[in-house]
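Chain naming follows the written order as A, B, C, D, E and F, and within any one chain the residues start at number 1.
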Amino acid sequence: MPQDFPQPMDAAVIPRFAGIPSFMRLPIFSNPADVQIALLGIPWDGGTTNRAGARHGPREVRNQSSMMRKVHHVSHIAPYDLVRVGDLGDAPVNPIDLLDSLKRIEGFYREVHEAGTVPLSVGGDHLVTLPIFRAIARDRPVGMVHFDAHSDTNDRYFGDNLYTHGTPFRRAIEEGLLDPKRTVQIGIRGSIYSAEDEDFAKDCGIRVIHMEEFADIGVAATIAEARRIVGDEPTYITFDVDVLDPAFAPGTGTPEIGGITTLQAQQLIRGLQGLNLVGADVVEVSPPFDVGGATALVGATMMFELLCILADSIKRRS
Amino acid sequence: MPQDFPQPMDAAVIPRFAGIPSFMRLPIFSNPADVQIALLGIPWDGGTTNRAGARHGPREVRNQSSMMRKVHHVSHIAPYDLVRVGDLGDAPVNPIDLLDSLKRIEGFYREVHEAGTVPLSVGGDHLVTLPIFRAIARDRPVGMVHFDAHSDTNDRYFGDNLYTHGTPFRRAIEEGLLDPKRTVQIGIRGSIYSAEDEDFAKDCGIRVIHMEEFADIGVAATIAEARRIVGDEPTYITFDVDVLDPAFAPGTGTPEIGGITTLQAQQLIRGLQGLNLVGADVVEVSPPFDVGGATALVGATMMFELLCILADSIKRRS
Amino acid sequence: MPQDFPQPMDAAVIPRFAGIPSFMRLPIFSNPADVQIALLGIPWDGGTTNRAGARHGPREVRNQSSMMRKVHHVSHIAPYDLVRVGDLGDAPVNPIDLLDSLKRIEGFYREVHEAGTVPLSVGGDHLVTLPIFRAIARDRPVGMVHFDAHSDTNDRYFGDNLYTHGTPFRRAIEEGLLDPKRTVQIGIRGSIYSAEDEDFAKDCGIRVIHMEEFADIGVAATIAEARRIVGDEPTYITFDVDVLDPAFAPGTGTPEIGGITTLQAQQLIRGLQGLNLVGADVVEVSPPFDVGGATALVGATMMFELLCILADSIKRRS
Amino acid sequence: MPQDFPQPMDAAVIPRFAGIPSFMRLPIFSNPADVQIALLGIPWDGGTTNRAGARHGPREVRNQSSMMRKVHHVSHIAPYDLVRVGDLGDAPVNPIDLLDSLKRIEGFYREVHEAGTVPLSVGGDHLVTLPIFRAIARDRPVGMVHFDAHSDTNDRYFGDNLYTHGTPFRRAIEEGLLDPKRTVQIGIRGSIYSAEDEDFAKDCGIRVIHMEEFADIGVAATIAEARRIVGDEPTYITFDVDVLDPAFAPGTGTPEIGGITTLQAQQLIRGLQGLNLVGADVVEVSPPFDVGGATALVGATMMFELLCILADSIKRRS
Amino acid sequence: MPQDFPQPMDAAVIPRFAGIPSFMRLPIFSNPADVQIALLGIPWDGGTTNRAGARHGPREVRNQSSMMRKVHHVSHIAPYDLVRVGDLGDAPVNPIDLLDSLKRIEGFYREVHEAGTVPLSVGGDHLVTLPIFRAIARDRPVGMVHFDAHSDTNDRYFGDNLYTHGTPFRRAIEEGLLDPKRTVQIGIRGSIYSAEDEDFAKDCGIRVIHMEEFADIGVAATIAEARRIVGDEPTYITFDVDVLDPAFAPGTGTPEIGGITTLQAQQLIRGLQGLNLVGADVVEVSPPFDVGGATALVGATMMFELLCILADSIKRRS
Amino acid sequence: MPQDFPQPMDAAVIPRFAGIPSFMRLPIFSNPADVQIALLGIPWDGGTTNRAGARHGPREVRNQSSMMRKVHHVSHIAPYDLVRVGDLGDAPVNPIDLLDSLKRIEGFYREVHEAGTVPLSVGGDHLVTLPIFRAIARDRPVGMVHFDAHSDTNDRYFGDNLYTHGTPFRRAIEEGLLDPKRTVQIGIRGSIYSAEDEDFAKDCGIRVIHMEEFADIGVAATIAEARRIVGDEPTYITFDVDVLDPAFAPGTGTPEIGGITTLQAQQLIRGLQGLNLVGADVVEVSPPFDVGGATALVGATMMFELLCILADSIKRRS
């Protein structure tokens, strides 16, 4: 019965600034089987090629998530009444060893996945999505709605390094975890290394909606196109906060001016209600580069937006 | 004659950073009868349920108001040529006693009101509008154009506390100071405590234009709707800076992403020219959470926008 | 047996930035009887006469306390091997009602006290020490070593308000909770309201070691004098971070230049080892006025210093 | 041959945070004849009437320009393949003598101009554009596309001072360096000193597209109008970052709320491709008032946008 | 009679954050003859060779001076009971013309001096002391106790510029306004341009107590030496906040590590009680480079320290 | 002849804020043989177990080093007249591969060493000293004066990771690069993982002067002891900025309160003049955690202090 589902602390009883800051002020669980949606942190930025700091993302997003309330004001989804949601803590990581971290994260998510629990994660840099995919998309590739300023389908850095936050989706496609034909990237922009940068995405069939196309066609058409691409099959949503203009999300490692607004981001996520969702994440919140917690608040709010459509999706399936 | 009306210090003679920072660099008055519009501060945030700090709002808005010049560049209203305007200082407050503060503020505004002076105030948290109403709307309820991310019509907090910055307008309606049928709220958004949160406003007839409706119908239709609701009767404008997206106004206690822009806010206020205005305020500027004075500058500029239409309204009435 | 005492997460296994930030990375308990020393937050600043913000203190001190390790490098006290220590969460508070908050806090500490548990608390403004005393010093007054820039023995503010963060120790003495003859204040300084400000402390027998005397006699003599004053009877230590120079602790509501250094503060606390301690607190950490978490780190480190001598004192008694 | 044109350091080999921060990570030159486009700093703000700080602009824009890559993602212009581009260092200035600085800057630009090199400069306050014009527009007046919140055509300040950052374009017109009929100002807004403030611009034939008109007609119509005004003759583009809303560019001396977005700014510059360009600048980036480098990043990115259309224009002419 | 002397607003009635921020919350005067000590701002930094910003010093020192109370806690001097003290506003300045500013400032101080009023000023960069001397030391040179990291006796900058904040005291000596034999400089340190930098001071007989000597001989001996040098004749005290270590006063244009502490600074000023004082200033507080208002608070507190010994000196003379 | 030695830009000609920010405003060289002392950056923090950011250290130290002048004010050493000094840029690094970075750095320093050039480096985290030692101490182990809050002689982290910024000197001793009997550590403090933490240093003969001993014996005795330990043989100085109290150096990854002052640090370095120095470094400056550039300024100034005694040492040897 919903009434015994885990509930956030009530801000009209315990002020928002009080208490241990778990995600959404929810109870903390150690067994993934206790919840249907696990809120998880991946405090790791070892794949970052420029400004590190996203390792501190989960803690600050937890902190700012105290500002969230319980019911979505537009969709009226009340996620904590629909499904069991809880904070499952942070994935194990190794800040000085990239490959070891990928293994630790994958192992942790494998347990979550095997418990039948859907993960809603906060990074960490964007490379963290790769071990999540390795844990949840082994059996069949997932589709993906990908919000980002960058395609993250580069090949190598600093010589022969295959794993950075600029390469996860090329690797995921190569490993058969991500279906490029069911992948849509929204908000891509910024100067590029060479005119060939975008060939991989194009060649393997990813639908890229650059920022300029988005500005041109608008929110509704973008939603329609994204839904058309991913269809009814299992789909993952990854939200890199640098898809937002730095005015809205300054605290990130690779800001690109000329991005989308938070209102547009919210409208886009709301427009994905009803998809067959198997997980989601918010990545690249980098508190050392943030300003007054602005980006962590954006991260927490986008996490709530994602939680609502995830809860709705799970409820529909059950 | 206008030429002996109080005038701001001239920035082409005395640089903006020089001199004692009164509102708009105007002379300071102690007798409300000396001015037609009194610029006032209410340095108090005792009604704040989460992040205090708006007590420091008046001082920082005064500081940033040194950036204002004398003539509105769109309407060409020159407020200091139309009416006598001055800085009347701050209302008396008690930072450790909520009910005592409400009384002190009310008493102070009663004097202003009895002098026939129209108050343009800077909070302070949003609860300060309640004692202003108690002073100026005793005789008959006012109408209100209310810019805010939050309806501020909740009932109680922390047990039985009736007075917080989340409750002023429920109290004002209950006390017969505010006419809900002549009240329009613009920009309301953000997750809510429960699906019933909005029932009070709906039941008593407040016209709520949520952020999503505003984004849909645009500035002009919103202005038209607001004018239709409040009509020609005495009307008050209250501008909570959290109606703005946090990118534009980070320094506030309860930021909600996905808000309006400053340009939209300015256009909305300009669209209210010609109403029968009896007062206005800018609230919830919270300097400890501000970033580089950005929100205080927004507060000062919105205050100037309000001053122009207030001066115009008074001039028309006289 | 010590080996099953609660232990902090190991930073050589789980990086400091990972995991839910409880005090010292310790397990979280809800029953005070489970621990001998309870680490507690009191997120409340309703007694603040000027710059509020200490309500956010417990959360940020918890955050920075991730930097603490397990053994004191000078005394070699290993507190988690000596006694059971845990995070007991935050006291209930009401941010808009002072008297209600005092009651809630007192009730919470009464439970802790009745479980035989010693509280080590983080404020909050300095008024929080009063309800702690009401809970733990009912039976007989305690002695106190009081680190502060201010005597906090004023009488009234804003008319007849008896309870502010400038008055707790006058109230505690009047209520028979604090023995002024066994009270020593260290670091007092800063301009005063009137020459009579210090009469109360003097008249009731408090030993005041002003900053200037401290600078003159040094750390060792100050320790000796403090030990002489409080003797072997039950003693409480209260550490207001504004005793430190603002260069070391900028994030506080009433900074006074010319204060002590952190090294001196550490030496002073270490010099109190062996006292008969019944509790301690660190107050007035105000994150909105802090700079880069500096003051919260100081608060966490001073908390660890206090924890070591508290653990040692309890171990000796047992 | 393009392949031996100066190239930026490759961020996939040398991380962005490494190395001496020249503009765009390009080689540093001392002889203007070695490049076709010279990237230049003018670290001077002696014309600033309110908040100085733009003297630090060139250094921080250089710093943030490490984030730029090599190819424009929309136009696919690859500037370093089209023309020789290099960092030519900073113009000589005198921080305590305005007239001496104007002379030093003019002399420096004269050398650049005489080498046949096109300058792309970073200020500095907006007065720096005047000595640039004196160096490059002696022979015949240039046309100008001017992005700004302010017209900068005032006459005098503080008595009889003719040269401030509020007066450069009145002076340039008086000196025959700037053709007002081929001048368009975009984004002008903010309260004004008097209703006559805008008479000079109007009287001499400048086409002013106020912010309100821009919001009304949109990007495409603004581009068309700007192109119509300046035509095919030699044209200079000056980009004052305060044309942007302070949410996007907080670090500037005279912010005005209600400005354009970075996306709009980028679209506007892209729309000027194909003009007959003789130089460009980005001015009024003021690091002491910036927040987390946001405005310097905007400055660097707008500089890259300008570089692309400058390179294209030079290539077409050659 | 003292009881009608101007008094600061009482912080136990009107909270510190309320009200217009005049110096020390004192009444504002426009006629120097109304007070015996005039608190004055000189918002000007046109002599700054590197990082400007001290123009904003007076406003922020006024802001932080709300933290001051009424009686000195060590000397028990109650300045407002001894003499008439008031805020006389800011000197007129011209931010874009150095020589014009020197004239305006001198003229303003001449009026103060001719009214028989003693000035206690807040800069502004250190060049502001020169026009003060021109106004008050025309008749006979003054002696000076000079706290600073830099000797400020350089000759020329940027070619032939005689007036910068690095040259005021060479000019003052050349003009016969300052008696080098009655001048003592305390805290001088930091790398120098050449080994000859210190020759001028040495040759004309200034007693320089470098930081290293101060650290060696201590506060008491330094006070004794300073008193010996200036004797009983008219003496001016100038306090450049960069004499303090940047940990205590980060907000200044030319910080030098390894400086004195605020406690030492306070002890030094207190040790000058009884001198024959004709004025004092606190300079080089630069808010754009400050951190959380720390340096402005130091400036306000040092101003209060100076006010106490000035008031005492005037009282003794009268 | 000295007169053609590389010289910094003259700040009395080119203001400090102008020009490309190389170390000390010196010319940039690419061939180590061109200089006797190479100023080098190592922008890498891959060994950091908690808060990364030191990768940005070299750039910000370069930036702040513009504040340095040419002659030491106490020793009167004029380093640029004694030896050839230049900025040699940054070592190559790989931000996502620890072992690859150690190799790249070692290779780079091997070239410097083989050119007979003495390196003065800015990290980077403290692990960077290990590859420096591998390059310069292959032939025989060096002695070391080590300023730090932490011994950095731990063994392993996160399982079996041998290389972190907590382990370099254990590794260096194991590899025969560092002579523990000629090693002195100064300023060690802070809570420890276990009582055995310090056994390695003790067992292999390192002389550890804990903060408490330093506070007790003072600067002069500490210098004497350090000189006794290292003797006349080749010695390296490593200065971790966290040896300083966080009030003086907030911008570092692992701050520990209760540290030394900058004045003490300067005195200590000056006291090492005359040693047989073969290199030095300043590490752990972490700009993302810095406040207003304070720590980078400290880093630049300590670098100048080290440069002076290095230049003196080389001059004596030659």
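Here, contacts are C-beta pairs under 8 Å (C-beta built on N, C-alpha and C of every residue); 3 or more make two chains touch, one makes a residue touch a chain.
Which chain is which protein? Per UniProt: A, B, C, D, E, F = Agmatinase.
Worth saying up front: this structure is predicted, and the values here are computed from it rather than measured.
Engineer: Which neighbours do subunit C and subunit D have in common?
Structural biologist: A, B, E, F
Engineer: Using each chain's Cα centroid, which is most distant from the centroid of subunit D?
Structural biologist: C
Engineer: Compare the CA centroid of subunit F with every other chain's and tell me the farthest one.
Structural biologist: So the farthest one, by centre of C-alpha atoms, is B.
Engineer: Higher C-beta contact count, B-E or C-F?
Structural biologist: Higher contact count goes to C-F.
Engineer: So which of A-C, D-E or E-F matches B-C, with over half of the contact pairs the same residue numbers?
Structural biologist: Checking each pair in A-C, D-E or E-F, only one repeats B-C, namely D-E.
Engineer: Check the residue numbers that subunit E and subunit F use where they touch, and answer same if over half are used by both copies, otherwise different.
Structural biologist: The interface is built from different residue numbers on each side, given that under half of them are used by both copies.
Engineer: Just the number, please: Cα centre separation of subunit A and subunit B in whole Å.
Structural biologist: Distance between chain centres, rounded to whole Å: 38 Å.
Engineer: Quick one: report the Å distance separating subunit D from subunit F, using the average Cα coordinate of each chain.
Structural biologist: Measuring from centre to centre gives 41 Å for this pair.
Engineer: Among all residues of subunit C, which ones touch two or more of the remaining chains?
Structural biologist: Only 15, 17, 49-51, 55-56, 95, 157-158, 245, 247, 289, 291 qualify.
Engineer: On the basis of the stated criterion, which chains touch which? Give every pair.
Structural biologist: A-B, A-C, A-D, A-F, B-C, B-D, B-E, C-E, C-F, D-E, D-F, E-F
Engineer: Inside the complex, what are the residues of subunit A that reach subunit F?
Structural biologist: Residues in contact with subunit F: 45-53, 55-56, 94-98, 100, 157-159, 161, 163-164, 288-289.
Engineer: Enumerate the contact residues on subunit A facing subunit C in the complex.
Structural biologist: Within the complex, subunit A contacts subunit C at residues 14-15, 17-22, 28, 41, 43, 55-56, 58-59, 62-63, 87, 89-90, 92-93, 95.
Engineer: Can you check the complex and tell me which residues of subunit E touch subunit C?
Structural biologist: For subunit E paired with subunit C, touching residues are 10-13, 15-17, 67-74, 76, 78, 245, 247-248, 261-263, 265-267, 291-292, 294, 297-298, 301, 304.
Engineer: In the complex formed with subunit B, which residues of subunit D make contact?
Structural biologist: That would be residues 49-51, 154, 156-158, 188-195, 197, 210-212, 215, 245-247, 250-251, 254-259, 289-291 of subunit D.
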